[in-house]
Amino acid sequence: MELIVSIISGVCLLAGSFLVLSGVIGVIRFPDFYTRIHAAGVTETLAASLILIGLMLIAGWGIVLLKLILILLLVLFTSPTASHALGKAAWKSGLKPTNLKQRNEDRN
Amino acid sequence: MISHLPILQVIIPLLGAPACLLLNRPNLAWLFSILVSVLTLITSIALLMQVQAQGTISYMLGGWEAPWGIEYRIDFINAFVLVIVSALGAITLIAAKDGISKEIAEPKQPLFYVSFLLCLAGLLGITATGDAFNIFVFLEISSLATYTLIAMGDDRRALWSSYQYLIVGTIGATFILIGIGLMYMMTGTLNIHDLAERLPAVTASNAVLASYAFILVGVALKLALFPLHFWLPNAYTYAPNIVTVFLAGTATKVAIYLLIRFNFDVYEISAPQFKYMINMVFITLGIMAVIIASWTAIYQTNIKRMLAYSSVAQIGYMILGFGLDSVSGLQASLLHLFNHALMKGGLFIALTAVALKLGKVELDDLNGLAKKMPWTFAAFVIGGLSLIGVPLTVGFVSKWYLVVAAAEQQQWYIIGFVLLGSLLAVIYIWRVVEAAWFKPPKELQNAAGNVTATTSREAPVLILIPLWILILANIYFGIDTRFPVSISQQAAQLLFGGA
Amino acid sequence: MLFSIYGLISASFFMSMDAVDVAFTEAAVGAGVSPLLMLATLASVGRYQKKPTDPEIPKVALLLVIITGILLIIGTLDMPAFGAADAPAHQHVAPRYIKESPEEIGIPNMVTSVLASYRAYDTLGEVVVIFTAGIGVLSLLNFRRRRRNIHLIDDIIAIDEHKILRIVSKILIPPILIFGLYVQFHGDFGPGGGFQAGVIFAAAIILYVLFFGVKYAHQVVNQTFVRVFSAIGVLLYGSVGVVSLLNGKNFLDYHVLAENPTTAQHIGILVIELGVGITVACVMILIFFSFIENIEKVIQELRK
Amino acid sequence: MALIITTITLLVVIALALIRAFAGPTVFDRILAGNLIGTKVVLIIAVMGFLFGRPDFLDVALTYALINFISVIGVLRFVEITRRSREEDKS
């Protein structure tokens, strides 16, 4: 039983790591702010949840679990909000998404 | 309560400051801070008497033993500096009211008194403590309060000079902190007494030398030692007048005390060549400070700035005595510390009175002013004589001891430079005296309405009283030299004998 | 923003050096509040900035930095290796803290027992430093007394209708405050204490101001309130010392507070941490309000 | 094992995000990177707490999560507010 739990937690952690990594690659590689925020915002919530769930599985019952749940809740609350606020602020400030078609044509 | 004097000394102003903030009425705050500072003065005098009676006092804060808890360690040197600082604090505050109500906007006046008390507490804390890190903490308090005080000056440039001082002061404080950290790394203790015992074991290491260098440079920045003095004239010139009085009398004194403490108590550099080199550096810097700063002072038209340069020169004298590295040299330094506080305090208060009348202290505006403000300018003349070092004033006493100390080591050229410094002092003091007493009053060409301000005669009593207290002290201690001489001698012997 | 990242990263650095309390402080101060305050400064002075005129100064500064760096490296060359058990720093004072503090103070978090009891006086000094900084900012910036009710900045805040953010922060603020209390009173057992709690509290208030405007925030905590309480925090801390003085013990000797020495230490630490928390929170809020008022002043001048 | 891999990945991610923070180009990109690093630091602290067997690290992680949010939002608001007052300045 313990083995199974630790395997599941390991899988969760690794999946989380993968998502985090893919997210940051997106943040670096993507052409403009809105695509970047897409890469970061979308992966972030799931990745954080997966990692925290992985930790919860090995934590066992107790105050540690409670704290992890609190962190998870907090992340679930704040990170989409922050992404939203960022996107909105950027939009309102007049930042326009890059027109990819346009750019490709320019390049050619 | 008697056994708690060391801590009362510091916490009275320290806790008085927030209490003062609660009052929030300028006059109430003023009265309250006078009460606080007078209590502090009484404590410090009682403390000095106690030290004279029973030797070094050690006070364990929180009841924890010395190297684990923080220790207050009062010996002759501390007690002496504590009296100087708290006395000047009390005297300045008495004189503060008129100047402050003119120079600082009303809602900010309580804040001024709060900062003043904090600065006082910080300086006293640096002096009283026997713990290296505690020194840093109180250094921060006093520095922050000082920046605030300077920035309150009504000239726009006060902000700039305060900022300049802030940068320099922060660098200095950081250096001191690095030095303390390195020392802790090498010895595992922060208590100064403990450090002094444990440092000789590791004194050959680079880390200790580096920490020595850091602390030396850090303190020298705070001290306005000659090449690092550039912040001082600006800070003194644009600060509110009263703040200049206080700073000139105390801040550099406490820095000198720190230098003495670290140099003679904590670090015992064993290699004689190294020690000789350090002393030579001190002597050279001291001489350069005396000559160059006095020379610069002659060319100043703003009298506050002139006296500020003169302060840099006086610091040079103290460093000179210090670099002689003998009991009598150190005694001369300590004496000058005391005496300089008296005379510069007096001179700057006199300037406060002038500034209260004129709004500024340019040399040209002083013409003939002595006839209108005879008491103020009589005080200025006596203070100036003292600064020059004329017999029967305190200035003579400390210079005499300095000359004797130099003669002891047959460093005749030092005597020459001291005399030259005095001559330069004669010139810059004479310019003021001449303008005030002997030149005809200048016709006031500004709008007729303003003339009334200058026709009123003498400075307010609240300024004259502290002014003349200081000036009379100048003469009294110049004639009856027993008190400062005996104490400074004991202190100097303690530093050399105890180390 | 880079500053805030620096704070975050250095905090994880402290973390890996096992200095949880330092990391905690860095997390709260370095990453959270200091960039906020810095930005507030920028917002209020940004329009006056000029290019530095003297090209010589950076060179001199660079030279100084290099000299200092060389000196530091020389100094650290023969320093004991990091983590070496025989380093003098681990030989003299520190072992006693580690050995005796559980018995003498009776709380598990040793950092707290050093800060709040063995070296409580230093901590008092630090609190006063913060208080002094608050006074400094107040005396430099806070010019206005009149026209309290006009809050131009509120208009600006109200223009952006961040509905989602408003709701989320409305939900978040109470838990943040409760968490602040937890940190405040949990300092004996885990990392935390008055400094961090104060900053968390202040951060919550700042968050509130950013979305709901100064007017509403002033209804909860106004300038006078913050001013008074920043002083009261220091006085509370000091009063513990005065109580021990009045009972004939040395300043800040907690043993007078109860019969049982560890209980006494507990009470003492709780009270002084409370004092620290109050002062820190109030000074942070005070500085923030002062900056806001300054920004308002700038806006007012512009409108004229 | 998985814990160690996760830690390393997170460290790499922070390093990569730093590139974005320095590269910009807009202020929002930097804030985004800051936010990203913030959440990653929260995770890394939590994971390291387990790695070292010191669960009190979680308190710090919790503080981080809070403070990170507040500071990101705060920075954002200041950017907006200064921008708006500057626009007023021009008009």
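Note that the chains are named A, B, C and D in the order they appear, and that numbering of residues resets to 1 at the start of each chain.
Keep in mind that, in the parts below, contacts are C-beta pairs under 8 Å (C-beta built on N, C-alpha and C of every residue); 3 or more make two chains touch, one makes a residue touch a chain.
No experiment lies behind these values; they were computed from the predicted model shown.
K.L.:
Looking at B-C and C-D, which one has the bigger number of contacting C-beta pairs?
P.N.:
By number of C-beta pairs in contact, B-C is the larger.
K.L.:
Could you give the separation in Å between the centres of chain A and chain B, each centre being the mean of its C-alpha atoms?
P.N.:
Averaging C-alpha atoms per chain gives centres 59 Å apart.
K.L.:
Using the average of all C-alpha atoms in each chain as its centre, how far is it in Å between chain B and chain C?
P.N.:
31
K.L.:
Starting from the mean Cα coordinates of chain C and chain D, work out the distance between those two points in Å.
P.N.:
20
K.L.:
Where the centres are mean C-alpha positions, what is the separation of chain B from chain D, in Å?
P.N.:
47
K.L.:
Enumerate the residues of chain A that touch no fewer than two other chains.
P.N.:
Residues 78, 81, 85, 92.
K.L.:
Among the residues of chain C, which ones contact at least 2 other chains?
P.N.:
As it turns out, chain C has residues touching two or more other chains at 160, 165, 172.
K.L.:
When you check chain D against every other chain, which residues touch at least two of them?
P.N.:
31, 33, 59, 62, 66, 68-69, 73, 80
K.L.:
Mind giving me all the chain pairs that touch?
P.N.:
Every pair of chains meeting the touch criterion: A-C, A-D, B-C, C-D.
K.L.:
If you look only at chain D, which of its residues touch chain A in the complex?
P.N.:
Answer in residue numbers: 1-3, 5-6, 9-10, 12-13, 16-17, 19-20, 26, 28-29, 31-33, 35-36, 39-40, 42-43, 46-47, 50, 55, 58-59, 61-62, 65-66, 68-69, 72-73, 76, 79-80, 83.
K.L.:
Can you name the residues of chain C that touch chain D in the complex?
P.N.:
Going by the criterion above, the answer is residues 1-2, 4-5, 8-9, 11-12, 15-16, 18, 20, 23-24, 27-28, 31-33, 35-36, 39-40, 42-43, 46-47, 153, 156-157, 159-160, 165, 169, 172, 176, 179, 183, 186, 190-192, 196, 200, 203-204, 206-207, 210-211, 295, 298-299, 302-303.
K.L.:
Mind listing the chain D positions that touch chain C in their complex?
P.N.:
14, 18, 21-22, 27, 30-31, 33-34, 37-38, 41, 44-45, 48, 52, 54, 56-57, 59-60, 62-64, 66-71, 73-75, 77-78, 80-82, 84-86, 88-89
K.L.:
Mind listing the chain B positions that touch chain C in their complex?
P.N.:
Residues 1, 4, 7-8, 11, 14-15, 17-19, 21-22, 59-64, 67-70, 105, 107-108, 111-112, 114-115, 118, 121, 125, 131, 133-134, 137-138, 140-141, 144-145, 147-148, 151-152, 159, 175, 178, 182, 184-190, 194, 198, 202, 205-207, 209-211, 213-214 of chain B touch chain C in their complex.
K.L.:
For a test of understanding, state which residues of chain A touch chain C in their complex under the given definition.
P.N.:
77-78, 81, 84-85, 88, 92
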